[in-house]
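Right, I'll just put the structure down here and ask away after.
By written order: A, B, C, D and E. Residues from 1 in each chain.
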Amino acid sequence: MNKKSKNAIFYAIIVSLSALALISLILIVGFILIKGLPGITTEFLSQSPSKMGKEGGILPIIIGTLYVTLVALVIATPIGVAAAIYFNEYSKDTRSVRMIRFFTEVLAGIPSIIFGLFGFAFFVVFMGLGWSVLSGGLTLTIMILPTLIRATEESLKTVPMSYREGSLSLGATKWQTIVKVILPCCKSGVLTGLILGMGRAIGETAAVMLTIGGSMRMAESLLDPTRTMALHLYMLASEGISEEKTYATAALLIIIVLIINTIANEISRRMIKLS
Amino acid sequence: MKAYEKAIEKLILISAIVTTVSVALITVFIFKTGMPILLQYGVLDFITGTDWSPTSEIFGIMPLIIGTLAVTLGALIIGVPTGIACAVYLSEIASKKTAGPFKAAIELLAGIPSVVYGFFGLIVLVPAIRNYILPIFQKFNPDLNTSGFSILAGAVILAIMILPTIVSLSENAITAVPQEFREASLALGANKRETIMKVIVPAAKSGIFSSVILAMGRAIGETMAVLLITGNVAQMPGSILDPVATLTGTIAMEMSYAGPTHQQALFAIGIVLFIIIMLLNILAQAVMKKMGGVN
Amino acid sequence: GGGNSGTEAGGSVVTAGSTSVQPLSEELAAVFMDANTDYTVDVQGGGSGQGIKSIQEGIADIGALSRNLKNEEKGLVSKEVTIALDGIAVIINKDSQVKDLSLEQIRQIYTGEITNWKEVGGIDAPITVVSREEGSGTRGAFVEITKVAAKDSAGVETDMTDANALIQPSTGSVKTTVASTPNTIGYVSLGSLDDSVKAVTVEGVVPSIENIIDGTYKISRPFIYVVGETVSEATQMYLDFVLSDEGQAVVVDNGFISVK
Amino acid sequence: MEIRENEEKKFDIKGLDLYYGKFQALEKIDMDIYANKITALIGPSGCGKSTFLRTLNRMNDLIPGVTIEGDIRFDDENIYEKDYDVINLRKKVGMVFQKANPFPKTIYENIVYGPRVHGEKNKEILDHIVERTLKEVALWEEVKDRLNKSALGLSGGQQQRLCIARCLAVEPEVILMDEPTSALDPVATSKIEGLLGELALKYTIVIVTHNMQQAGRVSDNTAFFLSGKVLEVDNTAQMFSNPRNSKTEDYITGRFG
Amino acid sequence: MEIRENEEKKFDIKGLDLYYGKFQALEKIDMDIYANKITALIGPSGCGKSTFLRTLNRMNDLIPGVTIEGDIRFDDENIYEKDYDVINLRKKVGMVFQKANPFPKTIYENIVYGPRVHGEKNKEILDHIVERTLKEVALWEEVKDRLNKSALGLSGGQQQRLCIARCLAVEPEVILMDEPTSALDPVATSKIEGLLGELALKYTIVIVTHNMQQAGRVSDNTAFFLSGKVLEVDNTAQMFSNPRNSKTEDYITGRFG
C-alpha cells in the first residue's frame, strides 16, 4: 500500500470514528430534548412535585441536586488534588504508594450501589448523619475521588522537570513551586477531572438512593434529606409514573450539565489567558 | 514560613491518608460483609456454579462473570478506538473552531445520567438491533434470533458512556507531548499520519493507557444503563446477540429487595468483582510495562 | 431525621424502604402533615431490605415493603401492617391478538412449557417472556398467585420461572420493554398501566380496582409497613392515620386498592 | 560575486517577508544558496536566523499565525506554491535543531525512525545505518552498548549528536542546522566540523552559528542578519576579511579568540 | 596553590562520590571554590560537569536513585547534613541551566517570581528589579514593550538571557551557570561575560563551559573534569599556560581559534 492510500485510510478512520461519536451524542441528546423540552415550563421549574411526581414541578429537586453536587465537589476537589500532589510530588514512588494508587483504581470499577451501601452503613448509620445532603455528598465524594486523582496526577506528570528545577533553584519552597508554577500548568487537567467527576456525581442514582433518602421536600440544611434529579428521574422512569415528566427531567438535567460545563470551560479559558 | 509550609505538607499528607483510609474502609466493608457467605457456600462453587437463583439460595455466578467480561470487552473494542480517534482528531487534526464545541459535546456525554442511557438504549438501540442488525447476522446463521436485549446492546451503550473518559484524558496526554517531537519528526520528512502514529501517540501512551484503564473500570462498574438493555438472563451466552446478566447489574437490581442472606451473596459478588478488576489492572500494568520498554 | 421522635406536642416520623411504596407514602405523608402541622414525616427510599435494616438500626421508625416478609425477616420486626394492595396486570405488546389468558396458561408461559403464541390462540410466533428480578415484590406476588413458584418434591418452594426470561429491574422498564418489543409478555403494577401496552383479561376478568376488591381478579401484592420494638407516639399517630378512612382515601386516590 | 553564475543554485530566495501575527520577523530577504556549499547564517540573538532557516523546509507552517510573502525556489520550484509536496521537501531538506530533541524512544529507534518512515524495513540495512551515522557523529563508542536504552538518558551533548545522526540517516540533499554545536564540547565540535567538510561534498549545508570562528572555519558563504534583514551575503573569506557593511564589520570584530 | 590559604573558601568539597543508581558519575572529587572568584568547569561531554554543578545547590535531590557520599561544606556547614536548610541554600546559591527553562508565564512574571517567593510585594521595587536585571543581561531594549507577553515567545537566546536575569533577581551569593552562553551570540555573550566580571565583585560564580576561550577569559580558577574525576584544578592562567596533567594539555590544545 502506498503512502497516499495509507494516509487516506488513516484520516478516513479518524474522521469517521469521530463522526460516529458525535452522531451518537446527537442521537441521545436530540432524543431526550425533543421528548423533554415541551415539558419544561415555568410551572415545572418553579413548583414542587405532587401526585408522586405525576404532576407539578421539580424545584426542590433541582435545589437538592445542586446542594449534593456542590458538597461533593467542595470536599472532593481539595482532597483529590492534594492527594494527587502528595502521590506525584511528595511521596517517593514506593510500594505502598503504588498499592494505594492501585486500590484507588480498582475502586473506580466498583458499582456505585456498593458505594451507596457503604455510605449508608458508614455515614448514615455509623456517623449518625442520617439520610441527608451531607451523607449523599460524602458518598459521592468517595466515588469521584479516583477520577479526580487520576486526572490530576496525569497532568502533573506532564509538567516538565525543568520548571520544577527553575523554581527550586530560585529558592522557592516545594509548596511555592507547586502553587505558583506546577498547578497553573495543570489547570486544564484538573478541570477535566472535575468535569468528569461532576458528571458522575450529577448522574448518579444508586449511591444517592441509599444515602440522601429521596424525600421530595425542600432541603433546608445539610442534614435534611433530599432527592437529586437523577434519582427523581430514576423513580419516575422505573415506577412508570409519568413519561412526560421523565423526559422533561432528563432534558433539564442535560441542560444544567451543559451550563455547568460551559461555565467551567470559560473559567479555565480565562485562567489560562491570565497566566 | 517554615511552619506554614510544614502545616501545608501535613494537610496534603492528611488528604492522601483520607483517600487511603476511605479506600481501605470500603474494601474492608465489602470483604467483611461478603466473606462469610462466600466461605460458607464454598468459593469454588460460588464462582464456577452456573445457576443463579438466590431465592432458592443457589448462588452460582459463572454466567454473570461471563456476561460482565463480554459486555466490558465489547465496550472497549468499540469505545477505545473511537475514543482515541476522537482525541487525536481533537488535538492534532481539528481546527480550534471545531475542537472547542466538539470537546464540549463529548464532555456533555459525561454528565448524562446512566438511567437516561438505559432508557435510550431500551427505546432506540434494542429495537434497532432486533430490526436492523439481526438480519445481517441471519445472513450468516439463519438460526439466530434475538429480542435485541443483548451483549451487543450493552457494549454499544457502555462504549458511548466511557467515551468522555477516554477522549478527555487521552487528549490531555496528547496535547502534552512537546512540540519539539512534532518538529523533529516532520523535519525528517515524516507526514502527519506517521508523526501521529509513530511519535505522538507513543509518547502519550502512558496517559492514553491510563484513560483506558479508568474507562474499563467505569465500564465494569456501570450498572443502571446495562441493567435495562442486556436482558439480565443469568445464562451462558451463545452469541453477542444473546442476553446476559452482569455482576454489577445483578447487585444493583437485587440489592434493594434482597433479604439478609441474599444481600450477603450480593456482597460476595462484590468481592469477586473487586478481584476481577484487580486482576485486570495487574494485567494492564504488565502489558504497559512490556510495551513501555523505554519510558 | 432519626427515630428520636419528640415527646412534646409535635414529632417526626421517618419511613424508609421500597421505592414502589415510596410515592404512595409521600402522598400519605403530605396529607398527614397538612392535618397535623406539628408533625413531620420524612419518606426515604432504599428498597424493601433497606427498610427492615433501617428500623433495626434505629434510623427509621417505619419500614416499607412491597412484598411479604421472608421467614428469616419475621423475627426482625415486631409488627406488620398491610396499608394497601397493588393490582398486577399481565401485559402484552399492543400488536398481539391475544385477549385472555387463564392462570394456568400464564403459569405455563412463565415456566417455559408454552413457548409459542399460537398455543394460546395467537399468531405463530415465539413468546418473549419478561419478568422482574428475583426478590422483587411484584415478582414474588406474581409467581405465588400464578403458581409459577411451586413446592418441589422435597417440599421446598422454588421459583420455576424460565431461565431464558428477560429480566427487567422495574415497572417502568418492563412496560417499555413490552411496549417496544413484539410478542412479549410481562406484568406490571396496575397503577402504572397506560395505553402503550395491552392488559389481558385473566380468566375473563378485567384487571381493575373493583374486580380486585370483589376478589374476582386474583393477582395483587401487598404494600406493608413494619415497625420495630419501640413505637413512638408520632409513629403510632401516623399508622392510625394511614389505616383511617382518610388515609385509605389517599390510597384509592392514587390508584391503589384499599385494605378496608 | 560574478563567479557564482556558474554554480548551481539550490535555493533561490526573492523578496521574502515573514510575519508572526503582526510582528515582522523577516523583511525583504534576497539570497541564493548554492549546492554542495556550506552557507553560514550569523547575526545577533533575535535577528531572525532561526526563523529564516525554518522557512527553507517550511517548518514555520506549524506555527499558527505565520504569514509568508515572497518567493523561495528549491531546485527551481516554488516551495510555497499550492500543491507543493512538503513531505518530499522535508525529506530532501533535513534539519537539526537548536535544542536537542530526541524522541522518547531508544537510541536505535531514534535513528531508524526516518529510514523506516521512508520505507526501509531491512533490519541489516537499518543496523548499518545506525552504526554509520553514530560513527559519523562520534557517538558510536559511547553508546554502542546501550542502543536499546532510552535516548533521554544521554547528556545534553550526546543528545544533540544523536539528533544530528538521526538527520543524516535520511540522507537528505540539504541539511539545515540551527546552532548544532552550541551544546557540544570542543572535541565533539571539531569532529562535527570535520564531518561538515566531508558532507559538503555530497550535501548542501546551511548552518546558523554564533561562533564566528566556526563560521569562518567551515563555511563557504556567509549571510549576516540584523533585525530581520540580510545586511550582507558573500563569500566567507571575502566577508570576514573585507566586510562591505560597517555593521557587519562591527559585529565580526566584536568577536574573540 | 599556597596563596589560597588567605582566601575565603565558599565551598569546600572533600571526597565527593555520586551515583545514578549503580552508575558512578562523580568519583572522589576534592575541590575548593573561593568567594568572589569565577571558577570554570571544563571537560568533554558526559564527564560529569553538570552533575557536579548540581550537587552544589542540591538540585540532584530531585533525581530519584541518586546517592551522594562525601562532604560539601558551604560557608563551613555541611550541606548534605540532615536538617540543613535546602531552601536557604538555593536562595544563596542561584542557578542558570544548560537548556533555557523560562516558566510559561509573562516575561515580567518570570523575573519577579523569585523576589515574590521571598516576600517582595512592593510593585515599584519589583518593576525596578525587572528593569535592572533585564538591562544587566542586555535584554531590556528587546523586550521592554512586551513584558506582559509570554516568555515562551522569545527566541532561544532571548530565553536564556531571561533565565539569567531571573536568577539575578534573587541576588544570590553564588551563581551556578551551566553553559549559560552556549545559545547566545557573540554580542550578547560578551555582554554577559562583561557582566560576569562585575558580578564577581559581589558574587561567587561557578560556570560550566565548552568554550576554552571563555574559560580562559573570564575565570580565575579552572577545574578539568574527565570521566567523573577532577584531573586538575588550578589558577586558570597557570593551567592554560602550563597544565600539569598531560590529558589536560591534550584537551586544552584540542581547541581552536
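In the analysis below, a contact is a pair of C-beta atoms (placed from the backbone, for glycine too) under 8 Å apart; a residue touches a chain by one contact, two chains touch by 3 or more.
Since this is a predicted model, take the numbers as computed values, not measurements.
Chains making contact with chain A as well as with chain B: C. Least step count on the touch graph, chain A to chain D: 2. Taking each chain's centre as the average of its CA atoms, chain A and chain C sit 34 Å apart. The mean-CA centres of chain A and chain E are about 47 angstrom from one another, to the nearest whole unit.
One finds 29 Å separating the Cα centroids of chain D and chain E.
In chain C, the residues that touch at least two other chains are 19, 46, 50, 169, 173. Among the residues of chain B, those in touch with two or more other chains are 119, 123, 178, 191, 252, 255-256. Looking at chain D, one finds that residues 99 touch two or more other chains. Across the whole structure, chains are in contact as follows: A-B, A-C, A-E, B-C, B-D, D-E. The touching residues of chain E, when paired with chain D in their complex, are 43-46, 50, 98-99, 142, 154-158, 161, 179, 182-190, 210-213, 217, 251, 254-257. Of all residues in chain C, only 18-19, 46-50, 66-67, 70, 72-73, 126, 128, 133-137, 156, 158-159, 163-169, 173, 176-177, 180-181, 184 touch chain B in the complex they form. Put simply, chain D touches chain B in their complex at residues 57, 59, 62, 87-88, 90-92, 94-95, 97, 99, 101-106, 109, 113-114, 116-118, 149-150, 163, 166-167, 170, 172.
Chain B contributes residues 178-191, 194, 198-199, 202-203, 293-295 to its touches with chain D in the complex. For chain A in complex with chain C, the touching residues are 50-53, 120, 124-125, 128, 130-132, 209-210, 213-217, 223, 225, 231, 235-241, 246.
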